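The block underneath contains the structure these notes are about, expressed in structure tokens.
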Amino acid sequence: MAKYAKLRQLGHETPVPASPAEALLETVPNPHPGTLYLARFMQPEFTSLCPVTGQPDFAHLVIDYVPRAKLVESKSLKLYLNSFRNEASFHEDCTVGIGKRLVKELSPRWLRIAGYWYPRGGMPIDVFWQTAAPPKGLWLPDTGVASYRGRG
Amino acid sequence: MAKYAKLRQLGHETPVPASPAEALLETVPNPHPGTLYLARFMQPEFTSLCPVTGQPDFAHLVIDYVPRAKLVESKSLKLYLNSFRNEASFHEDCTVGIGKRLVKELSPRWLRIAGYWYPRGGMPIDVFWQTAAPPKGLWLPDTGVASYRGRG
Amino acid sequence: MAKYAKLRQLGHETPVPASPAEALLETVPNPHPGTLYLARFMQPEFTSLCPVTGQPDFAHLVIDYVPRAKLVESKSLKLYLNSFRNEASFHEDCTVGIGKRLVKELSPRWLRIAGYWYPRGGMPIDVFWQTAAPPKGLWLPDTGVASYRGRG
Amino acid sequence: MAKYAKLRQLGHETPVPASPAEALLETVPNPHPGTLYLARFMQPEFTSLCPVTGQPDFAHLVIDYVPRAKLVESKSLKLYLNSFRNEASFHEDCTVGIGKRLVKELSPRWLRIAGYWYPRGGMPIDVFWQTAAPPKGLWLPDTGVASYRGRG
Amino acid sequence: MAKYAKLRQLGHETPVPASPAEALLETVPNPHPGTLYLARFMQPEFTSLCPVTGQPDFAHLVIDYVPRAKLVESKSLKLYLNSFRNEASFHEDCTVGIGKRLVKELSPRWLRIAGYWYPRGGMPIDVFWQTAAPPKGLWLPDTGVASYRGRG
Amino acid sequence: MAKYAKLRQLGHETPVPASPAEALLETVPNPHPGTLYLARFMQPEFTSLCPVTGQPDFAHLVIDYVPRAKLVESKSLKLYLNSFRNEASFHEDCTVGIGKRLVKELSPRWLRIAGYWYPRGGMPIDVFWQTAAPPKGLWLPDTGVASYRGRG
Amino acid sequence: MAKYAKLRQLGHETPVPASPAEALLETVPNPHPGTLYLARFMQPEFTSLCPVTGQPDFAHLVIDYVPRAKLVESKSLKLYLNSFRNEASFHEDCTVGIGKRLVKELSPRWLRIAGYWYPRGGMPIDVFWQTAAPPKGLWLPDTGVASYRGRG
Amino acid sequence: MAKYAKLRQLGHETPVPASPAEALLETVPNPHPGTLYLARFMQPEFTSLCPVTGQPDFAHLVIDYVPRAKLVESKSLKLYLNSFRNEASFHEDCTVGIGKRLVKELSPRWLRIAGYWYPRGGMPIDVFWQTAAPPKGLWLPDTGVASYRGRG
Amino acid sequence: MAKYAKLRQLGHETPVPASPAEALLETVPNPHPGTLYLARFMQPEFTSLCPVTGQPDFAHLVIDYVPRAKLVESKSLKLYLNSFRNEASFHEDCTVGIGKRLVKELSPRWLRIAGYWYPRGGMPIDVFWQTAAPPKGLWLPDTGVASYRGRG
Amino acid sequence: MAKYAKLRQLGHETPVPASPAEALLETVPNPHPGTLYLARFMQPEFTSLCPVTGQPDFAHLVIDYVPRAKLVESKSLKLYLNSFRNEASFHEDCTVGIGKRLVKELSPRWLRIAGYWYPRGGMPIDVFWQTAAPPKGLWLPDTGVASYRGRG
């Protein structure tokens, strides 16, 4: 498949990038470039580090976007998200920052990201950002992620 | 029932078509052609092949449409979807492509399709497409498909 | 209670009508005729016959309506729905047809019906119809019926 | 607390009123009278009598309102709802009637009530009424009550 | 497939039997006759008639059995269960009776049946019967059917 | 049906008995008297009065029994349970007492009862009683009633 | 009711005891003293203090016991549990300690307690203790408390 | 991290403030000050005192806000919420009051708060307040908190 | 890692085997050979063909085993299960047959398999087999797979 | 609290240990040393590395143990589990290995561990180990972790 020939990570053994800055987000051409549709990725395996304590943080991420010319290649997306493993970052900044990086790389018509962070001190934080109100005519279902319920 | 007399698949032993191109989508007249209503099909038994690795992919599909003159005959729809069994296709393309084929065959007033794909590399992809904003006055409930939750 | 004195089915032993045509839908005066409110019936015990194979079909129905002068008497509604037991009908036609019969009998301000049919050939069909966009100011919650999930 | 000094039921042994007509709905001043907010009560322990058979009926009620000058005192609300124990009433009338009584007593900016009645003859009835479209700017979440599912 | 050649219903258009007495339960040879294993059928589409009122009854059935020489052919099982459509029978008798008929026809090592009946008069009845304590060494999971919860 | 001819409540308009002492529990012959099986009733519509405050109490009851010669006639069971409507009784005593009354009337091989009471003062009480360890060879599934979870 | 005449807390305004040591656990005679049955209390509103940090801890408690001569009076139980509000205690010690105090006061035939504590540092702790293996013939359902699931 | 150097509570042993008035809500600069995004905190461990009886009350709180220049520092938020432990307050007042205090301290673009209170007298109260209709273009998912269901 | 050096599929591009007979199940040494523990695989992506109609069948499989000297290498297990894609097989035979093949290849101390098949003709079939009663001392949790619920 | 005075990690800023070998598992005296009770830890935030690909793996762990003289100090347990962040380990080996390390450090009367690993190649693995059959008389509830369900 010619359009995938240039990809450096898909189909190759690729180590986890040492940091987000070093991660390579790759794209492929959108096969339906004139069509308004949504692609959603769920990453329940996200982890980064707390800038204050150095302890690990965990999150369940949901990324929704409407592609323009490019689709994100999903292996490169996974590696980019995995590259936060040794990165120190606050929840609000980390979640919004991932969204902005994706916007820069994909130039999507629209994008949003949710970070559902595991509780610290008894309270979880959820962060929700979108680039703008969703395009008219887009089908955009709820993410359906369960709310935190503590115990019982 | 005269209007079903021409159907080639319903009521006949019919093998799975060898490919989507060979599948015959049949229709019957809409018994309520002037009425704005929705028909929803859920296909939790969808499978195709990965174009890169040849490994099988799985998805739970939901198809919603507002018929104009024609209803899709459901056995022919099932056979069409089953015809992807040996077809190589990326998730985004496959989901949107099925929607477009149905639009071509059914000329519905409106149609949308969701593909909830099983995870690869830890991340599932969901794809959502609709032909336009839903017609005014249509009753269009949420699909209610659970979000992916990983483990725990 | 004088207003119920004319009812032929409520408070009487009443056999299941032999067909929908023979079923008697009875009404009582709406006690709040100038008030915009919704009544919802759930009938998880609906069954009819497949016109092609003669095999039984099953559905979970939800009927929502905004009464004008009349309320449907619920025993007569049950008997009407039970009268489909020996009736052959396709899913789309049956669901919309019940809705239209109720509209004729009740002259409601607004009505909608959902038929959640059990799967055949691995796929269930849901049918959703409403008479128009809901009246402004009506409280109209989601039906909350679970989506079909196959297995697992 | 001076503003509670006049209450006749809160802090006193109070029998269940013999009928809704005899029930005393008491109020306290709204501590945030200029603020648009919602108070929701759930009463899963509601029971009344069937006017035709005299058998008991049961319902799960949800009452949402936007207070103006007065808040309903919750013990008096409980006693008012309990006063239906020996009252004969049809589901539609009972649910809407409770809503109207509350409107009369509380003069709220807005109110709605849902009655989720237990099934009779295999079918449950839900009744939903609101005084008007909700005030702009109000946060009004779904009631989240599960739909009836029969068995299985 | 020679062993299926004698089957009169599988692969043939077969009407619903007029009564359980007329239903033909067919079997095929157990492909693992020396092996202790369980087969479970769920039939959420069961209906019969009330002997007292003639009104339809509904149930969700679960049948578990350990085959000896014979497996029940599943289309014939479906037709047998469908044959109760016009049969009058009390819940306890009907459920246990189906179990006993299957025992007679299949001579299984062990069998059990559960009938989860829809509520009448506000109360559902569940009926559970097994031929004996389960064979030692059998893997026999819970049926996992949700309990009845009324409303709310 | 001769064996039902003597029943005084089934098929007759029957008021709610004024008290449990006045309720008539009727039985019919067990159609499978030599068979070890279980019948389960769920009554989510139980209510009685608090002996201390006179306020209503509510419970969801589950009754499991193994019949010997007699089956309880379910309308009479419903009326018996409804007769607690004006009866004052503590949770532990009420639940066990109903079980003992049924044992006296039905002479079952075995019986158990669960009362899942609504919370008072923030804590619900559940009461569980059985006449003895279950008979060997009985199939006795869990009641599957959800635990109380408070909020969140 | 004479047997309740001596109770000092039920039916009286009673402040929260200042500490568990000061709390008065009161009992009433078991109305079924020769009967083997279970009473279960769920307390989802338990809070105490962390001995190391002084920060509040929260738990959902479940207490199951088989009474001998005495039943715990439930208001006194609530007050006893509320008395931990200003008490410093580790999770394991606190949970088992409450169980032992109840054993001392109630002399039950058998008792068990579960403490489902809210997470600290990302991990919740559950503590389970019982006085002995449950008495033979006791009906003792699972507590049914949901496991902790983090996020997603 | 210089911007955190002034914080008095984060990274220090800090006792629970004696009252909300004494609690110090601290903030840090919003790292994405020109971006419209939402931060959500869930606090399932909230407790205060009933002004009438002195008994403890419990709630599950959800706080959503759109930051302007400042983010609330989450440890200080936790301590502020914990400071209600010995504070007497009615449900409606307490919930709205916390929201207003946060508005004063954070000057957010928008804020809302939900208090899901545990039942008293059988009825829970939920309170919902927001500063205004949500800003256009904000992604604001439902809180997803389960409704109260009583028992069964 | 030397012990993985001989593996022919892990770490190599490997096509789906053309049939189960051609599939290579590979093993690695059990790192805890003297320890009684359980490994569980869930395969919700299983598909084969119906021997009578040639139509695809789908199942959710659960495989539990106690290793002796060998662990199954999971990529080879996946490829083996994928090799059924073009294999015709009845549900009972297929499920038990997979279990027996694994027993032959792994020589485990104990093994069990569950096949949760998607419904055909309205009824799903579940098949459960184990090699023997589980070894004493093994921790063997329930599979926790939801039962089939049809609709509603 | 003297008995905690020697702890090196609780109450101190402590970095994540560089490897499990370097992690210090600390203990405190069991306050109920002669009592048979269970402590359960849930760690939904576990991550390690795949020895073959170097990619991160994720798991939800459940650890149950019956203490003898020592309780594990929970902060040290968290740090020990966090120390796997840069450790390469297969699922079966990692899960059982953690259990064995805890046995060595705590000398418990009994211990078990479950690892619910996130899916790779479409299949999740669960690993279950216990030191022996549970002690008689121990209360040991199910872990209640949901099974993996793929999509739909």
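In order of appearance the chains are A, B, C, D, E, F, G, H, I and J, and numbering begins at 1 in each one.
Criterion: a contact is a pair of C-beta atoms (placed from the backbone, for glycine too) under 8 Å apart; a residue touches a chain by one contact, two chains touch by 3 or more.
The chain list, named the UniProt way, goes like this: A, B, C, D, E, F, G, H, I, J = NADPH-dependent 7-cyano-7-deazaguanine reductase.
What you see is a predicted model; the values in this text were computed from it and never measured.
Participant: Report which of E-I and A-J is connected by more C-beta pairs in contact.
Facilitator: By the number of C-beta pairs in contact, the winner is E-I.
Participant: Round to the nearest whole Å and give the separation of the Cα centres of subunit A and subunit C.
Facilitator: Using C-alpha averages as centres, the distance is 45 Å.
Participant: Could you grab the centroid distance between subunit C and subunit F? Build each centroid from C-alpha atoms only and quote it in angstrom.
Facilitator: 33
Participant: Could you give the separation in Å between the centres of subunit C and subunit J, each centre being the mean of its C-alpha atoms?
Facilitator: The computed centroid separation for subunit C versus subunit J comes out at 54 Å.
Participant: If you look at subunit H, which of its residues touch at least two other chains?
Facilitator: Residues 44-45, 58, 60, 118-120, 122, 124, 142-143, 145-146, 148-152.
Participant: According to the definition already given, which pairs of chains are in contact?
Facilitator: Every pair of chains in contact is listed here: A-B, A-F, A-G, A-H, A-J, B-C, B-G, B-I, B-J, C-D, C-E, C-I, C-J, D-E, D-F, D-H, D-I, E-F, E-H, E-I, F-G, F-H, G-H, G-J, I-J.
Participant: Could you list, by residue number, the parts of subunit F that touch subunit D in their complex?
Facilitator: Within the complex, subunit F contacts subunit D at residues 13, 15-16, 44-45, 47, 53-56, 58, 82, 85, 118.
Participant: Which of the residues in subunit A come into contact with subunit F in the complex?
Facilitator: 149-150, 152
Participant: For subunit E, which residues are in contact with subunit F within the complex?
Facilitator: 51-52, 90, 92-93, 96, 112, 114, 119-130, 132-133, 142-143, 145-151
Participant: Would you tell me which residues of subunit G are touching subunit A in their complex?
Facilitator: Against subunit A, subunit G makes touches at 44, 58-60, 116-120, 122, 124, 145-146, 148-152.
Participant: Show which residues of subunit G lie in contact with subunit F when the two form their complex.
Facilitator: Against subunit F, the touching part of subunit G is residues 1, 4, 10-11, 30-32, 35-45, 60, 62, 67, 71, 74-75, 77-78, 136-146.
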